[in-house]
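Dropping the structure in here first, questions after.
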Amino acid sequence: MGERILIQGNEAVCLGAIAAGCLTFFGYPITPQNEITEWFARELIQREGVFIQPHSESGSINMLYGGAATGMRVMTSTSSPGWALMQETMSHMANAELPCVIVLVQRGGPGQGTTQHAQTDYLSATRGGGQGGYKCIILAPASVPENCDLVQMAFYLADKYRNPVVVLTDAIIGQMAEPVEIKPIDFGLLPPKDWAIGGKGYRPDHQRRVIGCTQGQVPTGEYTNYLSLMRALDAKNRQMETEVRFETYMMDDAEVVVVAYGHVARVSKEAVNYARQEGIKVGLFRPITVWPFPYQALRATAESCAVFLAVEDSLGQMVDDVRLGVEGRAPVHFLGMLDRHDPTGAGMLLPGRVLEEIRKLSAEVKV
Amino acid sequence: MSRQDVEDRTWVSGTPRLWVRHPAGCRQCPGCHHPIIERLIADVVGDLGVEDDTVFITGVGCSTRAFAVMDFDGISTAHGRAPDVGTAIKRTLHGRPVVITIQGDGDCIAIGAGSLLAAVGRAERITVFMANNGNFGTTGGQMAPTTLTGQVTTTTPGGRDNSTGFPMHVPELLATLKGCAYSARGSVHTAANYQRTKKLMKTAVQKQIDDTGFSFVEILSACPPDWRLTPVESLKWIEEHMIPEFPLGEFKNIESIQ
Amino acid sequence: MGNVNRHDVIIAGVGGKGVLTAGLLLAQAAMDHYHSVMWFPSYQAAMRGGPCECTVILSQVEIASPILTQADSVVIMEPSQFKPFEGRLVPWGLFIAESAGLQKESITRQDARLVLVPAVEAALELGETQVSNFVLLGSYLELTKALPQSVVESHLEKRYAGRDKSLNLNLAALRCGAHLARTGSQA
Amino acid sequence: MPKGEITIDERFCKGCSLCSHFCARGCITIPGDRFTPQGYLLPLFSSPEKCNACGICGWLCPHFAIEVYKLTEKEPAAT
Amino acid sequence: MGERILIQGNEAVCLGAIAAGCLTFFGYPITPQNEITEWFARELIQREGVFIQPHSESGSINMLYGGAATGMRVMTSTSSPGWALMQETMSHMANAELPCVIVLVQRGGPGQGTTQHAQTDYLSATRGGGQGGYKCIILAPASVPENCDLVQMAFYLADKYRNPVVVLTDAIIGQMAEPVEIKPIDFGLLPPKDWAIGGKGYRPDHQRRVIGCTQGQVPTGEYTNYLSLMRALDAKNRQMETEVRFETYMMDDAEVVVVAYGHVARVSKEAVNYARQEGIKVGLFRPITVWPFPYQALRATAESCAVFLAVEDSLGQMVDDVRLGVEGRAPVHFLGMLDRHDPTGAGMLLPGRVLEEIRKLSAEVKV
Amino acid sequence: MSRQDVEDRTWVSGTPRLWVRHPAGCRQCPGCHHPIIERLIADVVGDLGVEDDTVFITGVGCSTRAFAVMDFDGISTAHGRAPDVGTAIKRTLHGRPVVITIQGDGDCIAIGAGSLLAAVGRAERITVFMANNGNFGTTGGQMAPTTLTGQVTTTTPGGRDNSTGFPMHVPELLATLKGCAYSARGSVHTAANYQRTKKLMKTAVQKQIDDTGFSFVEILSACPPDWRLTPVESLKWIEEHMIPEFPLGEFKNIESIQ
Amino acid sequence: MGNVNRHDVIIAGVGGKGVLTAGLLLAQAAMDHYHSVMWFPSYQAAMRGGPCECTVILSQVEIASPILTQADSVVIMEPSQFKPFEGRLVPWGLFIAESAGLQKESITRQDARLVLVPAVEAALELGETQVSNFVLLGSYLELTKALPQSVVESHLEKRYAGRDKSLNLNLAALRCGAHLARTGSQA
Amino acid sequence: MPKGEITIDERFCKGCSLCSHFCARGCITIPGDRFTPQGYLLPLFSSPEKCNACGICGWLCPHFAIEVYKLTEKEPAAT
């Protein structure tokens, strides 16, 4: 490791997981994440790891639940329809406080949708489609190296909070190749996993551990009430809210602020570069954690900026978070998947289209 | 006190060794057989001396409550998914733990059929115990795949008819799959059957320890309140109605797959 | 775009492998020569034998968007793809295309530099039609100077270390492409 | 001398009467006027002399209320 | 029908469905909606309807998909964990444009949570846990009669938009009994269901119909592209956004505005009554459609009101919609499940607690 | 043109009557057997004269594409759920339509096992056709429950070994369930088998029409690109590798349940 | 609360049926007499023989909250429930409780009107212990005048039309409860 | 006179060569230098005289490119 290699984003996910010490992977095939599942099927044998292809995504996520309970680092990956099938157990996992990583390579919804690029699972990831109340940290990489690094960070944050963490990526980042230096990242110490199960004979105190709770019955064997569980959950959610991460670009004097995540953030960055060449005062605000969303940072920005443009490869999902951040301090505009350059083909949101919109907004600001 | 023998008393039966007594007592209804099955599990694990390695998994249903009282590692799961969870625990720890699930019939073969079948298909070295009480006890006595033809439940108010299908014979079905090393059916409605069932359950766990393949035991189980019977009438119902449909015994017991 | 600090190229063809590996080789060889390198395949349809493309960007500054509407250079490895990719070239950009089977009607763009290379024929002569993609890559390198020939060759040497036959075949294809580009027809 | 003895823990008994049903020797009866703290009908180990410590009631009491003991002659004190 | 009878909310759901002509029900048991499933199991026989208890909630929702495709009015009901399992097919259903009604009797999440009352599925209902892009109208009744009426309205709106509609209710409304006059409501004409399938011989033109589309292949047999499907979806979503419904109470001169839905809206109404007796200028804003959320009406309110209080039996879900509506024009406070009167028991959010908060906010406003 | 006979030509075979030709042609790979199975379905429905009543349901997989071209009512479903959807269509219309699904092996018995088993359990009067190509074709050739032991796929790169289980024998499994009236396996890799399989499929649909119970036919199906074989080599693979593991013929054929 | 336009009552006991049906009967009978009527059961635990309660609200104006912290009246059908429900009565409200088995220690509230009714005993005399709930309901009606006796009786007549034996038993129980309330012990 | 005739629609043919494999009489060959518009190798009905209209290629062409016809003597015109 440490070598600089040219790999695709999906492979970077795998190498990131290995660098984080994850040797257990459960995955059901679905485009556009098949490279990940196949990589683990191929490579984990050599590494004496565990690969299982379950009967469905429900199988993947419930295996993840069991695997995480042993205290090992475990991962699954899927795409949008499979993600939908995982919602019930995502909720169970957060409830049982099981750390694990789910890589969600978004495709286009709804229904079978398209296996091509899109960013249509922002809401189900950040709001949670499972029986509610839980939260998961959602990391959104925008490059191949970031795919690798954020997967490692995901494992760290999962262990830190005993909570599932989602890496929300997409087909574009998954397919593109960039040079990556693969190296394990040291995020610091973590609490011991003394809660893990696998047989009580294998821990010093020889005391049993139990995981998961049903209807007010918690691991300690005490019957605790629902509200006290919710109180603990709420406290954890608030702690996780401190893990905000984002990148700003050319924001110092920006009047127009483009907000975008994932591959669209890169497309937008290029548009910002062009616009700057034209003398337009525009910057880019890229959330890296989409939950917790950087509301405060955005709010601070809104004090001095004239207009916001949320760009997403969807019909509009993150844009509400931008509004929640800006809170009426400036207008928030939206540029979405229907603005792809080629409305008759699969098409893509390209820098030119974003630039156009930046020009328009900048002109309006001037008036 | 109960386990400390005074000089002239030897303990014969009662609370199993591997049992964490909760001050609130059992949470199941009077006369429910779930706790009896749980006693057998605690006994079998104790008798085989594998408590240090055992991970006990519950489905969702009235047996879920067991997982707080068994004195070995435990985990509760989403409805019907215990075999997936068990698979992962077994494999992630490279085969070391003894993995046992207790599931209701609804949990195991209604919502959980896909999970169960896949685990048998893979010949997972885990043991599934299924309490067949012919209904969904927890939610108030609705039809389960095991409900007898003609049986009244809250969702078959006129008695189960063929339009809802036929009682599912789970051990017989699993026996047809290659990955299944052991499958059997027992009951705990008489003292003799209690003892016989204990043997079946012990053999099932032994198959897992021997790394033979997947093992499964169904146990007929009374649910007096939802059956609208007294606990004693429930025993008769098992004898007269369930056993004719669900014969007791072993359906598969092999030394090695292939 | 179109400056010396950056090279964008779209490679297009049919059926997958050849297109993708040519692009990948270019990107890998360029890794130590450029600040940033990016390779992007079109996926999915490939397996079924459909059209296939990949984009390579070599840049001395950070590469923002991985997606290109248009590139400085477009390399067409299969004549049927000429038409669909015509619009993907910047004005006065460079077209490199397999000459065999390319129909005159396909060529409508006037604001482009078009270089036709008989790569399949050349590859046949080298004894392996599959290396026609490397022939075209050789032409591309010769015409754009995106990378010194020597860099690519030493990359190939590392890559095919111990597999002399493959190495020599590929080297020959690259050199042949370069030669054809220097001497070839410019439509 | 009786051969067996059972204890019934009234905190746990749920009055299902299975013990009384299963004791083939009729050692356990349900008086009908005794209740557990939870309000269930409490069984009574009414004929200790018939008990042979077979253990059955201890196996089949679903609520872990019964412990069965075998009684043996006390060994002569080693003094 | 037409008689005034005292029934529980769960039964009112059933009678509403029957009044709307729904004779097909699929349902898997789960507390606290079992009364609904059992009612249909019992009553549909007499009415020559169709009742199936599938093997899981996945079965329910996929049967709903099939049933809806025949053009008949079909329904299922469930509670939170079951709702989570339905997400993938919810997305398919919206994509295939199948009208149907899902009654979601919320319980407490996450995980197994509690079978008691809670309002924890607001986000998964309004944002959608399935592969994204689709929207469903979500109706939130606050009384037993409304359970009956809104189920009928749900069927109407489903048919009007060829889209699933969710009735988002809860254990409190489901269990309480109030007098209801059961009568079919006439919502007006609907387009014919000429898209329904069941055999091409059974329609005048003898032409086949196909439903559902995968990867750009639509019912007409033409291969259409993804973006044009998304354009149509977006247009429909916008049309549905016009179906906003809400109730206001004592809002004319209100300075403090309580926003609440479902049973919590009733609890809050009582608190508003008490506060008014104390001379506090407080009103209640109750969304009936929680999607589309009445943003505009709330925004209009925010022009004249000093402070908002979102009350929910959750850790905070609808409160973000209130913020999106108010858009920074006034502060938005939150009172949630952790404020239940009895923090050690199952507890409930009671009028007294809401009143306390109203008093506090009103005092702050005065300062 | 194709079907209009000139005076001295009689049409013998080719595009079925119940087929909506799409200008883009078949969307499956060269040599894929899915379209041959679809042809059989169109023929069987036509031969039985039930096209006016037929509803055709696809799972998710390479057979999904069929639903655009069959000239009777159709619907596509979520991955693995066709039996649920079929059940509802059949029942909501009170038994009238003839309901046929075509599903891949992954769709049908990996993710769809729960849905399938429940439908057989209820003896639904629907017919399921499963194309067994031993892998997940659509997603690029991963292991399916039907993958042969030793077979190389993208998720069994060293050949399928026992740790992933054993090839699932679906018609044999379903035959053990009471609700199943008919189950069989055929292939289309030779002209003779094509004709035999047509008979099996016809019998299956007839069982449904006769209201007997659930009916099922598995059809062995080539997937040349994912098998990394040519279309002609694929025929040999079926003959030499698949048929020894998956015997052709009927496994259950009863006149009435009970 | 506590005005003539509105009556709130909590009925508590063990094991389900009796508690719920008494409350339901009250609410149903009141439907034509009040603008709004509400019945709310505690659920779930009931089946397993645990504690059980229901709330009934009769009101001449709209009923907002279905949930009551405290009611004007609390009817206790099973002595073990006295303690847990003591706090659910408004100051100076009305407690009606089954007298059999009620322990003195349970009674601590001083700011309440307590009426003890030997309902089980009375029901036994009527030949059916199960109607003790109706005896207590009779007492409640007598003491609060929430509904005229005649309204409840005519409701019962409609309900048990054709089932004279049940009708008479229930009527007798109600009347007996009213009588006991008039004459009974006020602790 | 040939007994059978087949048509191969080159718009639909995907060059899988199954027709040529299945025709026991060898009527269909793959010349190797003829392509479909999609670029697949196009088969040729090269020996019509051997064809007996058995129908097999029409059943087993996966891509619905083949139609098989039986040729019969034209009935004498009814004039």
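Here are a few things to note about the model shown:
Letters are used for the chains, namely A, B, C, D, E, F, G and H, taken in the order the chains are written, and counting of residues starts over at 1 for each.
What we mean here is this: contacts are C-beta pairs under 8 Å (C-beta built on N, C-alpha and C of every residue); 3 or more make two chains touch, one makes a residue touch a chain.
Just so you know, these numbers come straight off a predicted model, no measurement behind them.
Note on connectivity: the fewest chain-to-chain touch steps from chain E to chain G number 1. The minimal number of chain-to-chain contact steps leading from chain E to chain H is 2. Centroid to centroid, with C-alpha atoms defining each point, chain D and chain E lie 55 Å apart. Rounded to whole angstrom, the centroid-to-centroid distance between chain B and chain E, based on C-alpha atoms, equals 38 Å. Note on chain placement: the centre of chain G and the centre of chain H lie 89 Å apart, centres being C-alpha means.
Residue positions of chain C in touch with at least two other chains are not found. Residue positions of chain E with contacts to 2 or more other chains are 31, 52, 55-56, 58, 81, 88, 92, 96, 111-112, 115-116, 212-215. Shown for chain B are the residues in touch with two or more other chains, namely 29-30, 60, 64, 76, 78, 110-111, 113-115, 117-118, 121-122, 140, 145, 164. Across the complex, chain B is touched by residues 110-115, 117-118, 121-123, 145, 162-166, 168, 172-173, 176-179, 257 of chain F.
By the touch rule above, chain E contacts chain G in their complex via residues 4, 6, 31-32, 115-116, 171-172, 175-179, 263, 266-267, 269-271, 273, 341, 348, 350-352.
Touching chain F in their complex are the following residues of chain H: 4-5, 7, 11-12, 14-18, 21-22, 40, 53-64, 66-75. Interface residues of chain E facing chain F in the complex, by the touch rule stated above, are 24, 26, 50, 52, 54-56, 58-59, 62-67, 69-70, 72, 74, 88-89, 92, 96, 197-202, 206, 208-215, 217, 221, 223. Interface residues of chain E, counted against chain A in their complex, comprise 80-81, 83-85, 87-88, 91-92, 94-96, 107-116, 120-124, 127-134, 212-216, 225-228, 230-231, 233-234, 237, 314-315, 317, 320, 323-324, 327-329, 337-338, 340, 343-347.
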